[in-house]
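Order of writing sets the labels: A, B, C and D. Residues in every chain begin at 1.
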Amino acid sequence: MRKFININKYFIVKFLAGLLAAIVLPLFIKTPFPLHVMILICIWAIMGMGWNFIGGYAGQVSNGHALFYGIGAYTCGIGVKNFGASPWVTMWIGVMISMGIAFVLGAPLLRLKGHYFALATMAMAECGRIIFLNWSYVGGATGIDFFDRSKPSWYTMQFTSKYPYYYIFLFFVALILLLTKGLDKSKFGYYLRAIKANENSAQSVGIHTAKYKLLAFMLSAGIVSLAGSLYANYLQYIDPTVVMPLNISMMICLVAVMGGIGTVIGPLVGAIVLTIISEYTRATFSYINGFDLFVYGVLVIIIVLYMPNGLISLFNKKQKNKILTPLEMERK
Amino acid sequence: MKVILEMKHATKKFGGLIANEDITFSIIEGEIIGMVGPNGAGKTTLFNSISGTHSLTSGHVIFDGTDITKKKPYEICKLGIGRTFQIPQALNEMSVFENVLVASLNRHQSISAAKEHTKKVIAMCGLASFIFMNAGDLNVMQKKRLEIARALATEPKLLLLDETMAGLSGVERKEAINLIQRIRISGITILMIEHVMEVVMSVSDRVVVLSSGKLLAEGTPEEVTQNQQVIQAYLGGSVH
Amino acid sequence: MNRNAKIICKYLGISLFITILLGGCTKYNEKQIEHNDYSQDESPISIKESKEETVKIGVLLPMSGAQSKAGQEVKAAMNMFVDIINESTDDIDIPLAQSQGLPNLGGRKIELVYGDLKSADTALSEAERLITSEGAVGICGLFSSANTKTAAVSTEKYGVPLMSEGTSPTLTQKGYEYFFRVFPDDTMYVEDSFLYLVELNETKQADIKTVALVSEDTEFGKNIANVEKECAEKYGFSIVENITYSSNATNLISESLKLKKADPDVVMMSSYISDVILYIKTFKQLNYSPKMIMGQRGGFMTSELFTALGSDAEGLCSTSAWSLDLQIPLVAKLGNLYKENYSDGVDMIADVLKCSTDLYVLCLAINQAGSTDADAIKEAMLNLIYPEDKLFIAGTGFNFNEVGQNVGTSALICQIKDGKYQTVYPDSIKAYDGLFPLPSWEEK
Amino acid sequence: MVIQCIFEGIVIGSILALIAMGIALIWGVMNVLSFSQGEFLMIGMYITFFLNKKWGIDPILSIPFTAILMFLIGLLIYKTLIRKALKGPILSQRLITFALSMVLVNGMLMLVTSEFRTIQKITFSGIIDFGFLVISKEKLVPLTVSILVTTVLFFFMNKTNTGKAIRATSLDKDAAELVGINTEFSYALAFGIASAIAGIAGCVLAYYYYITPTAGTSFLLFGLIAVALGGFGSIFGAYIGGILMGLVDVFAGVYFNTAFKYVAVCVLFMLVVSLRPKGLFGK
């Protein structure tokens, strides 16, 4: 394990401090709406971190992750509705299915480069959306509605309060954050970055690029699917227009890009900022038609334009210019 | 006298264009082989065929007893061939240290062991003062160094160097020759493409001459320089 | 150690900042909300009665996207009803109009708080925000069936009445406690459209035998298609083509070609406005004139239909729950008031009236209950007293059954004639004799 | 029926081809996947609409005006936004165009509301019915215009110095700069031309499509796919890609299933790029 996971103690301190803050924070919140925003932040953070593996680390920009999001949500929905299974189980089945589909589709699609890959994944997600829309077993356009106010429990992951949701989602955010951190400076992480930088030279130093890209694709599909499962349980209603539109695919990228792609906490930062902007503008400006999305779009443009490396570059600036001594380097 | 690499009737065609035609030669363990030839002679194509970037149209490449003709670059690298690129293909946005580290991971499973190894390679290649620099910010000479360091970090048995001396000043060239000698001492066979004749003649044990995709001559530097065909085809302009 | 302390301080600082930001997202009212997790019997959050002047009602409308025009119209009509209730309006003779505010609540006035209805998942969060942050005691708005389902998750959770005109029959089958629908559901509408066909066959020897179903591929179209299939079988019409298509398509050529080839007597469509426009234009371009186009509200029941299609819209039929030409004096009065003072000269159409009537009925129930407590409102809703002579909708009144459906309502069918919706069915209230078959494009 | 399908497919394809050419131009020259092209189409439609409403100008006559106006709008957007964006990573560029499309749609929504409009005063209208084939005169317009625009663009890119400069920039920006080409100018021009083409597409589409701020969005994905299908960097490829998409769209709808026609389009695309990773005509 030691050779696989490589986490230094400063990260652990930071992580625990952040976690503590995230745990304590909701106790000061008296209305559900901010809590709802925080839950959304968790969902987007998970998705952003998942996408980050293929889009950020491996540099294969997928614009079709809504497919996996939808598959996760649907597996959970069908499991709960049709089989009475616990979401705690179905979410992992969803992860398996997503990874399986990522494996099958990834093999041909990952051969594509740049914009072609983005477009092919977009087409893939669009196919998925239309198929789910017309597939009566999964409820088709009517969607799946598994809201049942009589059964709130941990087994069904249905609660009348928002707090349990928040803490469950926070747990998964923390888990995936640790996973990302663990992989960040591991062989896997370095290999993905090498693939992103230059596939030819990556191959020349012995990296099985196709295999690692596929692994990253599957991993990210699994994580995004997990987010889908969690969101479905929170919303307790899913249909293809909610969980599979093209916009979600783009927003996942946006979360990661805004925070900083290929970094550990970038997607988390992006999720916090983007969700707050999105919800805040909607709550404030929705009196005029379209004004909220207009403001939202302008803010996104400004942030992406002036911080092309993400908000994370604000924090990292100091460290970059600093010349590290070999001792410090070892810690890195 | 163990043969490490054997080219057997290697032919590579791109559509109608024949880049390499019926090339046969072999390399013995521990040698430094210089490969010379005018521009467009098919040297880099041959390199690409050996390292698996593309596969031969016909013929075979046998490395250390294994037929690697149809193998992929990463498999070939695992088997023990490291290469550099004529146009340096550094992993931009990664530091010099990380560039070499990625290559070190080829033989070292754990990060810490790989880091140790990386430090050695970096020290050997004289890149120690740049380790935190972004590879994209290096100058051409440093990038070429980095190419060598990266190839070396994969712990190859055979190293393919593609024009690592081009554009270097006299002093830098000396350092580079030094480096090549050191690499050889560590027991690595080297096949190098080089335009700078002075370098080829001084370090190579044997020289292979390509012209228009064909093998023109093979032998010690002295033999080759006296070969009439070579003089006509390649050195023709300068010998009068 | 020092460094660790610094980091912790930094993170706590950032969290504090985020808390403030999040807090800023909502306007705090002086309401205290107590959390009471995991209790099944009481609603988890009980809102203490405040001494506020107004009774707040949450309104969810599409503020952006293709439907926002309809949203604006609904907003205008709702404001009309709010004015009627809040001010004393003598010429509109309906309950609550003469008094100022809600008499049983000491004259408290109605205030609308708005939320954006972008998609089904925003319906959930916006409904929740309106309830918990804005203090809405009831939710209404321009809902689709999908939006209703997610909004219901919130309203059920907090125990707040939800008035929705989502027409999917599944809504009343789900056992929602606080869900109410004033107007008919899909089953009634579709049943009526087939009854109209039967009537045409009987009275006009129209000889209608075949129908084709065209439905868009989201919940709205899919549900109706299912009901239509059942009804067609029940009334002995054969379905010659059943088309499901993607809404907001770039073209509807293949769909139209298929219809032209099948050549049914009646085309039954459930589409949104964008697709209706494109369909009619495509039919015209392909020189295909169906004998009858029977729309199921949606795009067929919008004021934009006339501006966008002009004379091409003539003769289109649609089911409806209300029409300006109903033979009730109140209808014309309301219609005029709306047209003159609230909508810049746009006629009131059924969907707009439906949503605003929801609001009005909710106010009636609140007034009758004399309280804003959800259970009291529900109780009042189920026993709503409304003088029948003051009705402004078709049907017998507001009599809700246990699942929240108004059983006193009835559907009707309108046809577009002279740029107006005119009732052609049922016989008792029809304004003119329906036109069948439609003339071909050249004759129009 | 088959003939009708072919005709309709080519008409739809022509529209897609016009959008695709704009995307292909931006992709080829700047290596940006432009998500705002659909919105330029929409703005073009609105310009046409207002010209028609105010002065009764027929959409086909408004093409020059719309094209010039859209060209200027494109230049403005390039100068204020895209030029800065080009300095960032590729993904940021793409997301900026995505956010731009959001801004344009909602800005338009604020300006003109979401009301669905159509052009009422049209000179070219009516149908010619052959029985086996019904030709609507309105549809001949996109057909002709797309062929004209393609030809003009082809000659512009291949025969004029400015066009050659743009092509040189797209092949190798640094080398083009070395031989004295003002690449900045080429970029701006390419973006302007792409916007103008989208505007022209808006003009011809306004003949029979509804006009609303979200109208362009649904064309975008298929425009993008058409470019990738044809192989980027070639005007001709984009044109063929567009036509092919239109044909597949109609035939899949009529002979397969209307609900799944876009699945057919997407699957075809994925198959083609799996076999030929650079598209049909890509090099």
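Here, a contact is a pair of C-beta atoms (placed from the backbone, for glycine too) under 8 Å apart; a residue touches a chain by one contact, two chains touch by 3 or more.
All of these numbers come straight from a predicted model, not from anything done at the bench.
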Steps needed, at fewest, to go from subunit A to subunit B via touching chains: 1
Chain separated most widely from subunit C, comparing mean CA positions: B
Identity of the most central chain, Cα criterion: A
Separation of subunit C from subunit D, taking each centre as the mean of its C-alpha atoms, in whole Å: 37
Subunit A and subunit D, separation of their C-alpha mean positions in angstrom: 32
Between subunit B and subunit C, centroid-to-centroid distance (C-alpha), Å: 74
Junction residues of subunit A - those touching two or more other chains: 130, 133-134, 288-290, 292-293
Numbers and ranges of subunit D residues touching at least 2 other chains: 106, 109, 113-114, 259, 262
In contact (per the touch rule at the top): chain pairs: A-B, A-C, A-D, C-D
Subunit A contact footprint on subunit D (complex, rising order): 27, 31, 33, 35, 81, 84-85, 87-92, 94-96, 98-100, 102-103, 105-110, 113-114, 213, 221, 224-225, 228, 232, 259-260, 262-263, 266-267, 269-270, 273-274, 277-279
Partner subunit C, residues of subunit D touching it in the complex: 1, 4-5, 8-9, 12, 15-16, 106, 109, 113-118, 120, 127, 129, 134, 136, 138-139, 208-210, 212, 214-215, 217-219, 222, 249-254, 258-259, 261-262
Complex contacts: residues of subunit A adjacent to subunit B: 2-3, 6, 185-187, 190-191, 193-194, 196-198, 200-209, 323-324, 329-330
Contact set on subunit A toward subunit C in their complex: 10, 13-14, 17-18, 20-22, 24-25, 28-34, 36-38, 40, 130, 133-134, 140-143, 145, 147, 149-150, 152, 159-161, 163-164, 235-237, 239, 241-242, 245, 272, 276, 279-280, 282-283, 286-290, 292-293
Interface residues, subunit C side, partner subunit D - complex: 64-69, 72, 217, 243-246, 248-251, 253-255, 257-258, 261, 273-274, 277-278, 281-282, 284-287, 304, 307-310, 441
